[in-house]
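In what comes next, chain A is part of two complexes: it sits with chain B in the first one and with chain C in the second one.
Presenting the complex of A and B:
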């Protein structure tokens, strides 16, 4: 008899987890709209003017925020891979670099064969002259393919072995970029290391605003993809691969396939973030994508909150703030980042993004809630 | 020995066509020099099939061979005329084989419903790209799947806990959730590895009545490994006894428990089936 109760149409809402009434039932959606709305108006309404670093009334602040978004986008992909599929793939820095270099090379103007050309310009411009919006998706898909190839050997490895193998493969990407000097170093006059990135300009925007928009859009894309996919079948399947990998075969899930999917998606996000980062920095250099970047991304993810929706954005803001604040003393930056990482692991294992939950669970908050409720009852 | 008919009449075994679903032919498995299975020949028919034997007899290894964890060194496995022996684990699931584990393998930070939905993973027609783009047929498919899972949870008395975290459930409830997960995959054979171990008496009752109702409705073959002989005897019309990798006895519960070889190898002298079954029914 209870079977018939369940199958009646009015009970179909119980098939999905019950939502709380009002806006609280759509917390992620509401907070998402609020945050992205804020990001959209920030260039015109400098709400963050009180912080000199994120003051959007000038290019410096806009650029810093664009870096925040780029790092956050990469960290969202990292979050999907590490937080959901449980595979500690560390080839992210390389894939980030691939996105940056890939778009830079594809969008650079064709080599100038005219002997009248300035020799410096001739070397600097050895690209394919593609439009940015064509190059970007192609580079991201290519990076996803490379991520899947990296994932193939990695899908058979676990834990430390996986971390070491993917770390090496990520370094390999950068080493390959370094092989051809024409590719990685464009403008020799610029100290001899690095490549000028042709800048994509949105109509009616200047270069910093365009970079800001590109970075915000990449983060938005990664964020939306992450929210949609993890709340549905892909999310629960990846959780199964993470937690009960041994049992996935008899459940009917191919653990290898889903690890590769996670590798591919996170590589896509990393390349997208890398391209956005390159647009903002306007100059790419292979040494920017070595293990140091990976450590930065780990700090962003762990200090922000592993597996938390807003963790990557909060972590990225924290990281960029520290980096700009301690710009003149690089060694101090590493010291502070190291201490922050240790403190996060010790005191806040779920990152800064878990602080509201932590506060909500304290006895003090419980007491406050109880008083509020009894107060409301007395007034009735 | 008490009257054997009291045990058998309570079980839905007299269904007219008891077709053979799973056939094991001459299965040999060795881990190095340790021969675990030595020429196992078995047929499992639709309905309940019991598998008993002392610890280390090779019961779980047999399940691992059937679900593809262990490759047999010799022998074949047939399921409804299909040769499973060389199939991948996921292909076996698609062919209609499901199983549970001795210790439940659930995603503890996902809800009970999500865990059960995992069992229907291979039945989804729409892929993850459709998921990303809010494709309406995908949503309908998900809802239909959730309905099937909810009905299955309801059979086993867990519908009210569908949206709780699986980690918040007791071990017994987790094992029942795992049974549900294997059953929603629309399998033709389900291998249950000690489903009642660690379950409370009321959980066992719910589990057994749920399984009985399901077997009465569908042509499903359930193979149960269990140490609780009374439970196996109450459920299964046919029991196989595995001892050091060999089938030493097969037959009805009464035949098996009165077989002197089984008594010596597994049950021990002085074993009385009737008392235990009577105790279970009360």
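Presenting the complex of A and C:
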């Protein structure tokens, strides 16, 4: 066998390679379930003792990991939209806030109608008293509907014009939430710190463990949904819409329809992540969901790896680690985040998750592979 | 009636700063095709710098007009430097300046880290490595790493394969937050009063009270917009338009695209700096000043279709006046929503902007 045949991987012949048969076709799914299993047992295995930030033996580390999962879940939805369909929808911060606020308001106790009630308590508790597990899917479906409405400009606008329109719409969502701050978000009740979120407690778990479980489950749902949807028709169609939109019409694919589907799914993920985030942070404040949150999500996605399966999780871990490490010097956080985003765009356009691929593509790795293969053949 | 007039004047004032930020964005966009999200933040850096020069209490206390002159020159240099270091490598020109900057910056940051905190937490349990080092040792340790960063940037930063706004938008978003943090580290987070000769003085027209800062903002905004229109008829302005309209052909005719790009960034930053100086001197100088303004600037630019200069400036004025009137006449809570609604409606109904022009850009 000559060495020249080795250098072309099978996949590169196809623009969108078909799924391989057998379990290898479901490699992403299998590895995802394995990692989720690891996440489930982490609280009992203090494996991550090398840094106190992700030390799972105490509540601080668990809370940080729950934030990692919440950001990762949001970024997975973002990844489906930006990485797969190529539509630059930047309304994610608003939809994340919608999930956080929606669940907080729906699950809060009903307004205290007794005139003897303290007015401060009355504002703080004006909610609908729904169970969390009922409120969560309803809020997520509502967010998906709003995401589809936000996505309508996508049918007409391209690239960065779409980015501006969706940025404005995301800001609009937050502004509308802010407008009602006296009515039901209870901003003023806690000295301006925000609305208190009623916590959802799993039986036998304390508050941090429950938040961890909710965040991990949300991320798992987003991850599995992402894998299943992208390895089927939807993923390849979205890629086709992104790369050769002009060719999709003549073969009977409605680009608009698929873009709207991507917008709806990503909005669902964003709201789910927002709800999980609110469970972990216990307070929600509309100003937390403005452009800054968008920058966080962009750092998570871009530094992690745009269009890569593991990008969001890696990026979220990177971001939360950095945020906690720089907690004493808050002033430096945005400097470091900004520089990280710029460097990622400049030197690693596909993020940390693409580093193995980039190493694999170097001449050095090619050489090594060739030498290994020929050596193996000689031994036969 | 006089309340209405007051609201219109206030709307014109804020509208003229929206228009100026929009103009800065459009100038950069036309000449270099970069959607610069950092424009207002760059302007805010200039505003802080001029405040620091002129403030007698917290700064150097130099005469106001001298400070303004220095600030304008510094703004031009700052804009040109941003283009030179950050944007040039992505357009296919040399990435050497960026590599040099990153190497020096990282070496310095690492030296500071070694001095104050020692090695990172996960290795400092190694014997003899914990704790801070004296400056000489720390700087030497930082310098040892410099060639590594230099080579990494030189080898890894590649020009963009095709014209794509997304990486450039991300790059400038990163720049925005890095600059914001830089301001906080240099000048602190407390809001400051920026005293200009026109701050806080008022006069009456009939029974309407008008602030001099409002008059100065509106007139200066108009003057800058007109000056820009005149500039685009000059030699360099024509070159810039040629590059914007058909880059490759203009290059073949011998126009130096790199120089045009540098000049566009210098002009854009100067305009953004003036806009931020005008707004912050009539309100308050604080870290969040740029965050709201950049979105309004983009909205003004959308109204101008990202090509038309008069369209952009008038678009900014329209947004400002509409905001003030909706806030004053209908309901205060409407004020933040108006601009956002305007941009969505305009993008859906007239994606090419308000003015009728040859279609240069695919929306």
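Just so it is clear, the second predicted complex is superposed on the first by the 323 of 380 C-alpha atoms of A that agree within 3 Å, B and C clash if a C-alpha of one lies under 4 Å from a C-alpha of the other, contacts with A are read in each partner's own complex, and residues count from 1 in each chain.
Methods note: contacts are C-beta pairs under 8 Å (C-beta built on N, C-alpha and C of every residue); 3 or more make two chains touch, one makes a residue touch a chain.
Because the structure is a prediction, the values reported are computed rather than measured.
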Chain B versus chain C as contact partner of A:350, first or second or both or neither: neither
Contacts of A:339 with chain B and chain C, given as first, second, both or neither: second
Chain B versus chain C as contact partner of A:254, first or second or both or neither: first
Touching partner for A:244 - first (chain B), second (chain C), both, neither: first
First, second, both or neither for A:59, with chain B first and chain C second: neither
First, second, both or neither for A:167, with chain B first and chain C second: second
Comparison of chain B and chain C by chain A residues contacted: C
Footprint overlap on chain A, comparing chain B with chain C: none
Chain A contact footprint on chain B (complex, rising order): 67-69, 88-90, 92-94, 97-99, 101, 105-111, 113-115, 117-119, 121-122, 124, 128, 131-132, 134, 142-143, 146-147, 150-151, 154-155, 159, 162-163, 181-182, 185
Chain C residues touching chain A - in the complex, by the definition given at the top: 35, 86, 89-90, 98, 102, 121-122, 152-153, 156-157, 164-167, 169-171, 173-182, 184-185, 189, 291, 295, 298-299, 302, 333, 336-337, 339-341, 343-344, 347-348, 351, 362-363
For the chain A and chain B complex, residues of the former touching the latter: 2-3, 5-7, 12, 14-18, 225, 228-229, 232-234, 236-237, 239-240, 242-244, 246-247, 249-254, 261
Complex contacts: residues of chain A adjacent to chain C: 50-51, 88, 152-153, 156-161, 163-165, 167-169, 171-172, 175-176, 178-179, 290-291, 295, 298, 302, 331-335, 337-343, 345-349
